[in-house]
Every structure is written in structure tokens, then in C-alpha cells.
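Next come two complexes built around chain A: one with chain B, the other with chain C.
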Partner chain A sequence: MKTDFEKRYQRAPLHRPAEKVSARVRAASEDLAARLHKQPDRLVSLPYYEELFTTEKRKKELQILNRKVVGTYCYFAPEELIYASGDVPIRLCSGHSDTITTAEELLPRDICPLVKSSFGFPILGDGWIDACDVIALPTSCDAKTKLGEYLADYLPVWMINLPKIKNYDGLKEYWLKEIKLFLHKLEELNGKKVKAPELKNALQLLKRRAELYRAMYELRLAHPLLLSHQDLLMVVQSSFYDDLPRWINQTELLYNEMKKASATGKYAAKGKRLMITGAPIIWPNFKILNIITELGSTVVADDMCAGHQRLWDYAEPDEWTLEGMLEAVAARYIFPSVCPCFTTSYDRIDKILHLAREAKVDGVIYHDLRLCQIFDMEKDLVVKVLKENQIPVITLHTDYGQEDVEQLRTRIEAFLEMIL
Partner chain B sequence: MITAGIDIGSVATKAVILSGHFILATEVMPSGSQPKLTAERALAKSLQTAKMERNQLEYLVSTGYGRRVVDFGDKNITEISACAQGIRFLKAPMGQIMTVIDLGGQDIKVISLDERGEVRDFVMNDKCAAGTGRFMEVIARALELRLEELGTYSKLSKKRIDINATCTVFAESEVVSLLAQDVGKEDIIAGIHRSIAERIATMGKKIGLKEVVAFTGGGAKNKGFCQILEEELGLTLHIPKIPQFVNALGAAVAAKAKK
Partner chain C sequence: MHTITYIRRGVQILSLTFLFYGATLLHLKPTEIKWYAMQENSRQATELLYGNPTWTQPFQTFLPARSCRFAGTHGTFRGCLMFFFSDILTWRPPLGVVLPSLALVVVLMVMLARFWCGWICPLGFMSELLYEARKYLGLKRIRFSAPLRNLLKAVGWGLTFIILFSAWFISWSAVAWSIKKPLYLAVCQMCPSKLITPALTGFPIMINLTFPGASTTLLVSLFVVLVASTLLYFSGFILKRAWCKICPLGVILSFFNQGAFLSKEKDLIRCTKCAVCASACPMETSTVYEEKTKKYVNHSQCIHCYRCVDLCPEKKCLTVKFLGLPLFKS
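Right after this comes the complex of A and B.
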């Protein structure tokens, strides 16, 4: 809760429940699920994941289980510690366009759609934030940093002071302390200390998740249409909400089905092989992916924090002391991250080149979300290097709205014609 | 071989009938709210001009925003490749065209071509309409002029006015306040033209303005604007005789390949 010092200046939380808006949010998820359902030769294990977006089952379950839920944003809220505490992380970054107008009653118009969209939910009293006990919010970009002030009207907010510069000294000096502070807050919330074996279990669980994802990803590189990119993101993003052990079990089933299906040879990529880089593409804002599918090409890779990046990395559980494990956790959130909130884009460029080559892409699509300055500012160098490496690239400057679908189609189609 | 190209733009629909190397007919009409119907009418009228029957057409390609509404065509391509093929067909006396600037009703494109005349790279404005044909229409309306008159007025400008707004709505209010300050229409128009030209120049620099640079689309019919754009870019533009029809022509050229 707020300290007395923070309570000096208060704003009453804005509540605007609106069944119409909530209905549109549900409809957007249902429409997308229905659309994905119709994909030809789709694997039968996939509808499981849709339910996490189209039903409230998981939310009800969380209420019944009476576990503490930590709402998180971005890549950086340490899941390992939340799981080790016996709590549940739920990522609140949203892709719904329908909640944006709701949020604009309080938030300025000129901030990124992701933040506005996410903030619409507490105002509506809807969505996952309803199930949360606290919010863990990293100071990644400016919009996220300031969002904390608004969210604090509704729930206790733990800001996580994320460094902007990646370096080893700072990591130990400073970020490790931040991680420990976060653990301390969790311990306070739960009224019990986290012990080394608990953290080790959590690390092991997340390593299993990463290994499973890696196996799936590699299989998919050879047979991309086993999972359309829409389906891949759906699977990845359902892990933001699902019970982790259950998600792992389900995804093992999916992986086995993928292995069997790959033998049929039916799932080769169609058209051009593309990679998406840039701002997060979050359910149900899959418009770019849908257009690419309609144009007969295939997305085979991405480097997004709500996609590939989210599940690929993990902290190795080979340390025995709590201290050692916390260090591994601290490092895991800084060095592998290619989020542009860090000062330099070099790591990200290396990663994009690596992924693009590994997936043998014909071109890269740079998703530039309107009013997201950091991706926009990194674009120039990324585009330059890609071109120097003979990898064609196109920038799509867009937001969560649907009104520019035809313009986007023209750009993407022209790009595909160009890279013939 | 007789082919046709139809370019269903956001503002105007254009049709071209092509027989080998000869353009037999061109037709333009406002796209309106029923682009499919308009496309059919534009095609019918151009066939009439060419004195041809529908069944003499061997292949029809559509392009432009409405390209997918044409269900009586054989194929559709984007206006980017249509533009490249159209300009390649027309050629320029000054040498090979390496860059095309296209100012249409709803967007601005700069297309960079390779030695074979194929698209090498392109940039387009995002969904904001500032600087496009629609934008010019709004400005003309605020000044109580017809779109065609803008060029003539612009050439009369004596005084340099800087228009800062890059957004259609803001530019319109800026124009209104300039009028209230008794600034001459011709100076306002020249200012607006310069702001669009600057925008195009920035886009052009992003992908490189290798000469010869051609200027196409409805915007190229505005002579006053062409002059300012040349000044801004510091080069001589090649403006085809039928700038508005280049994309439709490109579609008709693409139709010759019949696939």
C-alpha cells in the first residue's frame, strides 16, 4: 500500500464500467479465435490455448485457489521469484484496441497504444488486472515508468528500477540489489521467506519451459506452418496467464503432435519467409500477421518481448546458494534482453541478424508502433545494417486500430512483390 | 495484344487501354462510394473511346487501393509495382529513370528503381494524409478555390510564408489564421506547397534520390507545385505527359505478361 509520504497527493481511482466496451473486447478475442480456428490442417492441440483468451475460466480458478497474483508488465518482472514465492505472475501488457478510448479519459492521447490499452482495463474493472493483488512494473520505457503512477490509484505498485545501460559492474552493484528488494517485497506480501530449494524449483520449471519452447521453435523452423505465427504467439502469450505446470504439460502434447505432423511434410512455408521485429504484437492485435497470411506468405521468426524473446531465455538452475541463483536471475533479465529501453541497439541487431539467417528469411518487417519512441529511434540503424547484409526490410508504422489495414496490405504486398 | 489497366485510387479511378506499344484510351472519374461500379464504368468508357468490345480485351490488371474489388479482372498488383512498370514503359528523354515520386490522393510514395527498372526499395507516408491529394483538397476548400487553381496561384507568390503544421487538420487551422492576418492566398498556397515538398524531400533522402527522378500521380498536374518541388530537391523532374495515368498504364503493361 501507499506510504504516508505517498498519500499526501491522491487521486481517486477512475471507474467506468461499460458493458459495451467489455463486450467489444470479448468479441475481438472471439473473432480472432474463430479466425485461427479456420486455418487449414491446424493441429488439434491448439484450441486449448484459445480458451485462455476467450473465457474467464482461468480467472475464476485463480479466485478459487486464493493464490496471490502479481500483475507484471514487460519482459523484466522476475517470474522466477514470483513462482518461488508460490505466487502467480500475470502479464498485463495488452493488445486490445477497444479499451484505448476508455483510458484516454485519464491518460494523454499521445502515448503508445500498448500502455493506453492496458490501462483501460482497471478503469473498466475488467480483464486480468481484476485478479491481481499487486503490480510489478519495471521502469523500462517512459510510458511504462509513468504508468505506475496511474496504476497506484488502483493497486499497490512495485516499481522495478531497471538500469538503462547494460554492464557487468552495474549488474552486481545495483540490479542485483533491485532483484533482492523485489524478493523481499514478495516475502512481505506472503509473510514467509523464500528458501533456496523453492527458488531452485522455480528455476527448473522455467528452464523446462524454455527447453520445450526451443525444441518447438527448432522443429517449426523446418516446418513453419505447423504453427502459423498467430498460433505461435497465441501459445507463447497464453503462458502469460496459464498455470505454468499445466501449460508445460499441454505444450508437451502440442510438441508431440507437431513431431508427428511434421512427418506428413504438409507444413512447409508458403510464399516468402519473413521475420518480424519491433514493438510487441499482442493478442488480439494480429492484423499484420493476418495480412501476411492472406497474401500467402509465412512469418517464420520474431524477436519480440511478447514472442520469441519471452520464452527462449532462462536462468540456469545450476547454482546451489540463494545468492548464486539470484545473480543468475539478475543476469538473465539484462543481457539476453533486446528491448530498446537499453541505451544501445547493438545486441538487438546481432540477435536480429542471427535469427534472420537461422530462419533463412527473405525479408524483415519492422513493426513500428505509433508513439513508441524507442523502437522508432532504433529503426534507422537496424534498417541500415539489415540492408547492408542484403536482407530486405520494410517499416510498418501503425497502431492498434483497424482503419489502416488496406494501407498496410498495400505496403506488405508491394514489399513481397519487390523481394520476388 | 490488347490489355487494360485500372487504377482504383482513393480519390480517382483511372483506366488505360493498351495495344502493344500504343495507348488507345485513357479515362478518369471520381472513385466515389462504389469503387467497383466506378471501375466498371471507367473501363466501359475507355473501351468506347478505343472503339473496342469487352471481349477483345485479352487481359486486365487492377491496381490501387480498390484493386481487390475488381472481380472482373484477371489479376491485381500493388500501385508500387504498377508505377514502376508504367514509368518504365513511358521512359524519359533525360535518361533512365531511377526514382519515382508519386503524389496520389491518399499517399506519397518515393520508389527507387534498379538498372532493370524493377523496384529496389520504396517509402510511403504512414496513415496520416498530410501532403497528399486529399490534403490539397482540404486546403483548397479552406481558401475557397478549386483544386486546379492552386498551381496558378502558387506561381504568383511574392512573399515566403512558412507553414509549420504537418497535419491536415492543423494545417487547415493554420491557413484559417493566416487568412485572418490578411496574408495573400498565393503566399499561403506557396507555403503549403513548400511544406509538402520538404516532406517529400525528407522521404526521398531516406532512400536516395538517384536521377533521373520522375514525378507522377495527380499531384504532378499542379505546375506550381512541380516548380517548388524542383527547387526543394535541387533537380529537374521528369514529368510524364499523363502523370495521373502512370499506375493504370503500369497495370496494363503488367497485363501483357498474362500471368
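Right after this comes the complex of A and C.
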């Protein structure tokens, strides 16, 4: 199989299986699941999603499944194409802090925790990456761009050359070509061509997922505590791993339960209505959300690529020809994206303003992951515009560790008091 | 799903049927009208009472769409407004005679602007059928590049100017007959509808490459333009509404797109700039996608097909309003 690293120079893959670390990883997931389980008036459809994080069931299923598994990072690896090829995408972005030390044996310390955390797993020989046949890695930031060479020690890696400027006229010039190249690689991997009906099915499946998510989002506007934001992120992030049709069925059940429960009127927001913007908050790194819940306030919206944004957009082709669909897929990943890897933050700012208005938020929390330059550099303008719009905002500069929990609590508490 | 597109297709089918076959289907009686013609002997315009019923449609007025006069006896209206404008400029009839038709056309334009293109014009509808056929065959769409789009726009303006200018020019008695005759109704001489509408309605197709006393060079040149515009029309199979990008009637309507009663508005903050609207636009305009400061998003070339509104993934982002009253919403 062709990869983007031709191995002119070799480095033996580093393997450091460590039962202790793996046990801590499992414990982190189980602790969070147990914690979420204890939330008052919690909907009964939710434990299904916990299992995807706490058990190996799905991973075993993937290993015996006769389908290729494509590990992906970020928002940009085109899921439509992976599904159309009959393969399964698994998103490998991780939120575990316990694997970071492992990764630091090879990776420099001064890079973002998400990359380090994710890279710990191949070294440990643990996690979802074990089930993957190939990795699709978009060049969204510097750390992700360079991660490819490290991952190539373990698995074949396909880089996805992401443009950094949103330019509609350029869409066809380069990004559509990149999308087609990706499709070609998939076709090579599977030894068969993707035909228009298969792609159409994949597009429709993902649109159904988006519509379902949108319906849940709307329901949650009026009754945010139907799903705590922790639960919402858990549901969204379980879709990284689950079999998609099964996830959709399950989530339809959840949605119906939400609809029924909303009639009880028990699920109105408590305390302040907050929005989270910024770097992804990924299972099990829910410390900020947990603090907010403990302080009696509610997160009602987010614009994160591992949250709201992940399921919001879909490809909407004008023409259902192969070319038309590919164009729509290409457009869907670039244009509505609010990822800070693009040169301007304007679309992201508009998104935040829109969500803040629609979800009637009292304040915004800017989650700035330590050592992620792009979110950090966008902060200034985002914060300025929010303030101009009379939306209070606080920046939390943090990472995956638990050391600063108390300090964060104090800051959030002060912020909540300030927006009284 | 895609409700607007379905409604629009329905309206287009009805309007094509009505414009092209209305007289026959509804048993509308043709009216006797005064007509003018180029007289060969006197070489000037003469007022005639045409007995030929093909020329007398039931509604002696004009529409701002290609309600072509070559629909013959089946047709319901006397012709399109380009024909009307050309006629006014050439014959300069007393204002009283043309005022009713002129007022109607202007009112229709101010109210609906290029809505006529997207919903009523039979020529536009048929060019959409062309690309629907291509979609059905699974062939891919090709877009005009930006420079080519600008070129087409310029060509459209040029054509419009030539058509109106020549219509006025031949009204001078000093102009030689050899020029006058071929340039008479230059608009119809180069209009693809001259070939397409007769093909649909069974009206004879008339092409004269020579005419006694008339300049053959001019006649042939106009015929070349006709062939070119017809080819452009049929290139709409892959290029989407190719002819509409230069159509002189479209050019005139485009002046009304801003400030017409019918208008598209965008909730700027709801728009995610996902570009779905830009990809969907058959006229390849990008105002709806790009605009982030003004809420009115009416590009001069927008034909009000509302495909953008239909496909926009953001609820209540785009709204079509008639005098402030919402008609359609995304």
C-alpha cells in the first residue's frame, strides 16, 4: 500500500507496553463514566454511550470485522469517502492525560497535549489505533503535520494537505484534487472503485446524523439539562468510534427520550448559561465542564471540533453526480469550519456570536489548550469582538493535567460572580 | 426536501404551457391588430392590417420573459419585451399607443425583476431541462471561469446595446434600405428562441441569408451570431444557463434586481459561509455566499431561482421577501 512516507530513513517504532499506564487510562474513563452516571434525573438511553469508552467491545468488533479501519485526526478527514468505500473511520484524537508521559519519550515536550496524548497509544500498543489499518492525517497545525512522520513508524500514513486559506475559487484548484486523491488512495486500499450510489448513501447517512444532532441541539436550547454538556460531548464523541447506523438508531432513541423528558419541565438550565469555545475538550478531559457543573451553572453551547461542530455540518450537493458530490464533500470540510488553522477567525467569530445569541448565553469560556498556538493567537480578536458585543468572556489556559483544577475553579467562580 | 425547487418546476411547466400553447389550449381568440412592416417598394415603414392570424396573439402585450412571438398561433402573448423595445425604437409609435404595454412591462419588472428568468421564462426553463438531462446521465457540470464570466457579461451588455441602438438607428429615414432591412428586429435575428420556440410550437423557422436589396454581409453576420448564441444556449447542457449569462433581456432585467419588490435577505450571523449557495447557483453568482456586511443579497445576475435558499443548511439564514413579507425561508 502506498503511503506518504517512503522510508528513506528508518527509525524503529518505539514500543513500551506498560500495564500501569494502560490501567490508569482505563480508570480515567471508568471514573468519568461513573461520575456521569450519578447525575440527577439522567436519561436512561445514555449508558449505552459510556460503554464505548469503558469497554473493549467495539474494538473487538472492529478487529473481527471484515472492513478496513481508517484512523483519522481532526475534523477534516472526509468521512463520507471512508464510508462510501465501505471502510470505517475512527477518530484518534485523545483526551487522556496519562499517555502524555509515554509519548514524551519520543515527542518533544513543548507541543500540544492532544498530539502527545494521542501518540502515547501506539507506543503503549493500546487504544483504538490498534484496530486501524491506515491513518489519515490532515495537516491542520504544525504538530499534526509533523506527527505523520512519527505515526508512519507504526502504520501506513496518508497525509491530507489542508489549505490554510478559505478561497472558494481555489476550491477546485487544489482542495477538490486533494479530496479526489484521498478517494483514490481508499480505492487502492480496497481494490475497488467507489461509485456514485455508494457515495450518495454515505452523504445521506451523514446528513441524517447532522439532522439528528441539529434536532437534539434545538431541543437542548430550551432544556439544556436534558443532556449535561458532558453527556452531550460523550454522545458526540462516541460517534467517533461506534458503527454509524447503530449510533444513529441509538441516538434516535435518545432523542425521543429527550423529547418526552422535555415535557416534564425538569431540565431547565441551572445558574448561568455558558458557552465554551476554543480547543477541543475530549473524553475524559472534562475537568472544566465538571467544575462548571459543581459551581451550579450550565454549559448550553460550544463550537468545538470534537463537539457541536463535529456533527453540525454536512455535504449538500447541488447535483448528485459523482463530481457534484465530491465537490460538496470538499466544500463541507473547508468553508463552514471554524478551526483556527485557517488564516482568518471571522467565520469562527460569527459562529460564536450566533450561538451566543441563539442559546442566550450569559458568558463565554475560551478554552485555550496550552501549547496550541493557533487557538492562542485567535484569542485576542475573538475576545475583543465578544466584549464589544457585551458578552463576558474568560480565557482558561490549561492542559490535560489535573494539577490546576482548584485554580481553575477559583477563576471560573470569580467569572460567574462577575457576570451576575 | 428541496420544496422550492419542486414548486418552481411546477410554475415553470405551467408558464411554458401557458405562454406557448395557451391560445390553443384555452381557446383564446386572436385579436386583430394594427401592425407595421418594412415595405420593400417605399422602403419605409407602413402601417398594415395583417390578416395573418399567426401574428395576432390573444394578449396584445409583452412580458419581461421570452414569451416569444415565434410561438405563432399557439402563443398567448405578442412577444418578449426585447421585441417590444426594439419595435418602439424603430417605429416610435405615439406614446398613447404603447403606454399600456410599457406600463405593464415596467410594473412587472419593478415587482419581480429577474424572477421572470427563474420562474416564468420558457427559454430559461428549457435550458434547465438541458442540465437536468445531464444530471440524469451522471455527467459532470463545468463552470465558467471568473474571467470568462466577466467576458460573457460584457458580451451581454454589448449585445443589448447593439440591439437597442440598431433598432433606433434604422428608424432614421436617411439609413439605406440595404442596412435597414437586415437590422430590422436584430434582436430576433440573433435570439436562440427564434429556432427553439418554433421547434416546440410548430411555427415555421425563417432564416433568410439573402433578401432583395438587403446587405448579405449583414444578414450572414447576424446569422453567425444566431448560430453562436444557439450553440451557447445548448452548451447549457454542461455549463448551466449558459445563454442566460448574455441574454439581453436578462441584462435589462438585471437593472431591477436591486430595489425590486422581491428581494433575498441574509441573516449575516447565521451564515456559516459554507458556500453551498455558491456551488448551487446556476448563474454562478457568489454574492449570497460572500456578503457579510449587508443583509440584501441580490446579485444583478441572480435569476431568483432560490436554489440557494432551498439548499442553505442554516435555518432561517436566507429569506425571500416580497415587499417585506417572507415567502420562502431556508
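Convention: the second predicted complex is superposed on the first by the 413 of 420 C-alpha atoms of A that agree within 3 Å, B and C clash if a C-alpha of one lies under 4 Å from a C-alpha of the other, contacts with A are read in each partner's own complex, and residues count from 1 in each chain.
Keep this in mind: a residue touches a chain if its C-beta (ideal position, glycine included) is under 8 Å from a C-beta of that chain, and two chains touch if they have at least 3 such contacts.
What you are looking at is a predicted structure, and each value in this text was computed from that prediction instead of being measured.
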Partner chain in contact with A:D110 - chain B first, chain C second, else both or neither: neither
Partner chain(s) touched by A:D318 [first = chain B, second = chain C, both, neither]: second
Chain B versus chain C as contact partner of A:E327, first or second or both or neither: second
Partner chain in contact with A:T410 - chain B first, chain C second, else both or neither: first
Touching partner for A:T398 - first (chain B), second (chain C), both, neither: first
Which superposed partner A:M418 touches (first chain B, second chain C, both, neither): first
First, second, both or neither for A:E19, with chain B first and chain C second: neither
Which partner, chain B or chain C, touches more chain A residues: C
Partner chain in contact with A:D169 - chain B first, chain C second, else both or neither: second
Residue ranges of chain A in contact with chain C within the complex: 166, 168-169, 171-172, 196, 313-314, 316-324, 327-328, 331-332, 335-336, 346-347, 350-351, 353-354, 357
Contact footprint of chain A on chain B as seen in their complex: 65, 77-81, 106-107, 118-122, 124, 126-127
Complex interface listing, chain A residues touching chain B: 370, 392, 397-398, 403-404, 406-407, 410-411, 413-414, 417-418
Touch list for chain C against partner chain A, complex: 135, 138-141, 143, 146, 268-276, 278-280, 286, 289-290, 292, 307, 311, 313
